Amino acid sequence: MADLLRVDSLAKRFGGIVATDDLDFGVAEGELHAVIGPNGAGKTTLIAQLSGQLSPDSGRIHFAGNDITAVPMYARSALGLARSFQITSLFLDLSVLDNVALAVQAHAGHSFRFWRDARREAELRDPARAALTRVGLSGRADLPASALSHGEHRQLELAMALASSPRMLLLDEPMAGLGPEESARMVTMLRALKKELTILLVEHDMEAVFALADRITVLVYGRVIATGKPEDIRSNAQVRDAYLGEQEAANG
Amino acid sequence: MNGWFSVRNAAIVALLLALVLLPVYVEMGGSRFLLTLFTRILILAMAAVSLNLILGYGGMMSFGHAAYLGIGGYAVGMLAHEGIFSGFIQWPVALLASALFALVIGALSLRTRGVYFIMITLAFAQMAYYVVAGLARYGGDDGLTIYKRSQFVAPLDLSNKIQFYYICLALLFASIYLVWRIVNSRFGMAIQGARSNDTRMRAIGFPTYRYKLVCFIIAGTMCGLAGALLANHTDFVSPAMMYWTRSGDLIIMVVLGGMGSAFGPLVGAVALLVLEEVLSGITEYWQIILGPLLLLVVLFARGGIDGLLGKVRHRVSHG
Amino acid sequence: MTLFIEQCLNGLQFGLLLFLLAAGLTLVFGIMDLVNLAHGSLYMIGAYFAATFVAWTGNFIFGVVLALGATLLVGMVVEVVVMRRLYGRDHLDHVLGTFGLILFFDELVRLVWGPEGLTLPLPSWLNTSMQILPGVDYSAYKLSIIVVTLAVAIFLYVLVMRTRIGMLIRAGASNREMVGALGVNIKLLYTLVFGLGAALAGLAGLMQAPILTVQIGMGENILILAFVITVIGGIGSIRGALVAAIFVGFIDTLGRAFFPDLLRMVLSKEAAATAAPALSSMLIYLLMAVVLVVKPEGLFSASGK
């Protein structure tokens, strides 16, 4: 299967710190590809470069056959590449439905329309409600986003990413801060989504990663040290030393 | 609107009725001064409504909005000075000049955020002030008298004070309605989203810069119209119209009335200007009271009068 | 040529004066994240105090020192009573709240000293000119302004870069919570920093008093320039404020002095006469516009000092 997302020799420094170090990897269409690594491995920097929030110092990013390295952030989502945020980044003073409707609106042509009431436009509201139903938030649609719990915020994040009907999702730690019940729910949801989209998942929650991933890439100090199927990664000695070993020791 | 009847809505309806009936009251023997005062209030309320669009809804803290009052006003003043009294020429020029200025200033300023944006808009407005004050031909520092108001076709006569009041009132209502429609449209949602979380807006696919710029231009143009009205009202224009403290007054009106509410700026304008009148009747040094009062509002009543009147519970509905 | 040298010195002097004002502004913003529109009021109060105390005591130096102390005191009182409640709030709240302070101070000054303004005459020993180059005489007082402000700039540099307090200031600028967590009395630090800013503003105000003006509203006029300088130099950077201030001082002074002549070469006499004052005042804002287009966060951003 061809790579939907391909990264070649990507590099990014912040002053003396090398966040991304000559990175090569690819995500095949239809797979759920997890990226793991210890803190400071450069996972969030990678997502930021993939989504266009940061510009790499060198290297190229290809999506669906196109070189998107120089494409600005707002245009990437139009190409089918959507992202969720690790730290909740929502429109807290707007309603839950408004949040998702905005994500729909972003891809429903230009927004230089000054007269019609946007909250009554079925073209915007219907897909928004559908996305909310998919993540299980349809009952909360009219509440202000600030009234939701943290777990519901993560669900809303996902709904917004879905609302743009993307080909590929960049998920930055969707489980962050979730309790065991909420995590299980998120895993079930992601498993269902897997069938329809390509997903790049950055996560610390190893249970979720091993339950969902088709392939795993391990990042240490901005470099790929291993890529492969979950069972291969689990048994890879280098990876154990660098990362999983630490984790197991910490978990006791 | 859900929850139709509330203290807040009743108060607003009462205010609107009072404004509509004011000239009738004046004709029946009320003080003529009230008409002058309230015409001024209506005009500045319109300026505040335009500021609310970018400040209350758009989150763009422009501290140079009074510049457009000056630009609109001087368009009328300068043309009148050159012998062109037709409103059909003056007013479009006022609008166009304001739009152009907003385009240039907005294009530059919107490259910055937060406090930088405040300072930049402030500085550019001051620049306009100094430029105009340096134009000796048009009165410079002393200002320019306007000997004839904008001429339209009969029966419209701007020098008729009552007619002029109703023209200002009509234009004010029109601008409130226009802002309300804009804010609830797709464009308005984009602007509100950008205010709420600009990074997220860009991440989901909105090129926020261009929407904010257009919003900025709309607001500036609307304020330019208010400026043209102001010039007609006072029969005089001076650089002081755009001094940065006037921009501060406009911000006070918006905040006092309640940001991001349709009628807030009107309430704020009424409150501020009536308060000024009342206080200056009590003491010559009324700003000594106004200053700390403003500070107290900022510290304790941030939602403005609109916030105080409405319920504290967050309402996620229209308007 | 002598005119040119004189104008250059005027530009330097004006720039350094602006630096004093901008330094206080940028310090307060960089460390407390506070936008203080009332900074100009402290500038005004410094001038008024100086005019008053010099007249009372009959001694220039003594009066000036008293004025400085009084402004420092006013600054610290304002910090404790008002600013403390504004920390951590939206910048718009700062802008509005300090705008209210401006109204208050302007009116207070009018109440106490009347609407007319004051004068601060120079003592005879300062009211002379000195020969700095063969054939070039320059006001001794203006020279002393240059000397004093340069001394203050050096003092600030030493303070921020080489002392423990300076280290706290720099640390506070980059990470407020950490400094607090380290057990440093943040409240006291803030009061001192704000006081320092007030003293700088007051010093600027009283130094320009004999040669420019002591009147209500003088703070507002110069505040804009100070803000433009902080934007150009980069908020939080004293070095940036110095560079930008001197630059702005030069452009404004030389611009006003020579730009009209330049215009007259290009335009007709009448057109030049009309346009010159307007365009000269625009020069600084054009500079700011250019900086904004090229480097929106300022020439030296907050992390560098």
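The chains carry the letters A, B and C, assigned in the order they are written, with residues numbered from 1 in each.
Here is the rule we use: a residue touches a chain if its C-beta (ideal position, glycine included) is under 8 Å from a C-beta of that chain, and two chains touch if they have at least 3 such contacts.
From a predicted model like this one, the values you see are computed outputs, not experimental measurements.
Asks: How would one label the connectivity among the chains shown: line, ring, star, complete, or other?
Replies: Chain contacts: open path, no cycle.
Asks: So which chain is the furthest away from chain B, centre to centre on CA atoms?
Replies: Comparing chain centres, A lies farthest from chain B.
Asks: Report the chain closest to the protein's overall CA mean, measuring from each chain's own CA mean.
Replies: B
Asks: Could you please state the distance in Å, as a whole number, between where the Cα atoms of chain A are centred and where those of chain C are centred?
Replies: Result: the chain centres lie 48 Å from each other.
Asks: Which integer distance in Å separates the CA centroid of chain A from that of chain B?
Replies: 43
Asks: Please tell me the distance, in whole Å, between the geometric centres of chain B and chain C computed from their C-alpha atoms.
Replies: Using C-alpha averages as centres, the distance is 32 Å.
Asks: Can you check the complex and tell me which residues of chain A touch chain B?
Replies: 51, 53, 72-75, 77-78, 82-83, 85, 89-95, 98, 101-103, 105-107, 111-119, 121, 124, 142-144, 146-147, 160, 164
Asks: Please output the residues of chain B touching chain C within their complex, sorted ascending.
Replies: Residue positions touching the partner: 61, 63, 108-109, 111-112, 114-116, 118-120, 122-124, 126-127, 130-137, 244-245, 248, 251-252, 255, 285-288, 290-295, 297-299, 302.
Asks: Using the touch definition up top, name the residues of chain B that touch chain A in the complex.
Replies: Per the stated touch rule, the residues are 181-182, 184-190, 192-193, 196-197, 199-208, 211, 214, 314, 316, 318.
Asks: Can you name the residues of chain C that touch chain B in the complex?
Replies: Residue list for chain C touching chain B: 29, 35, 82, 85-86, 91-93, 95-97, 99-108, 110-111, 220, 224, 227-228, 230-231, 235, 273-282, 285, 288-289, 292-293, 296-297.
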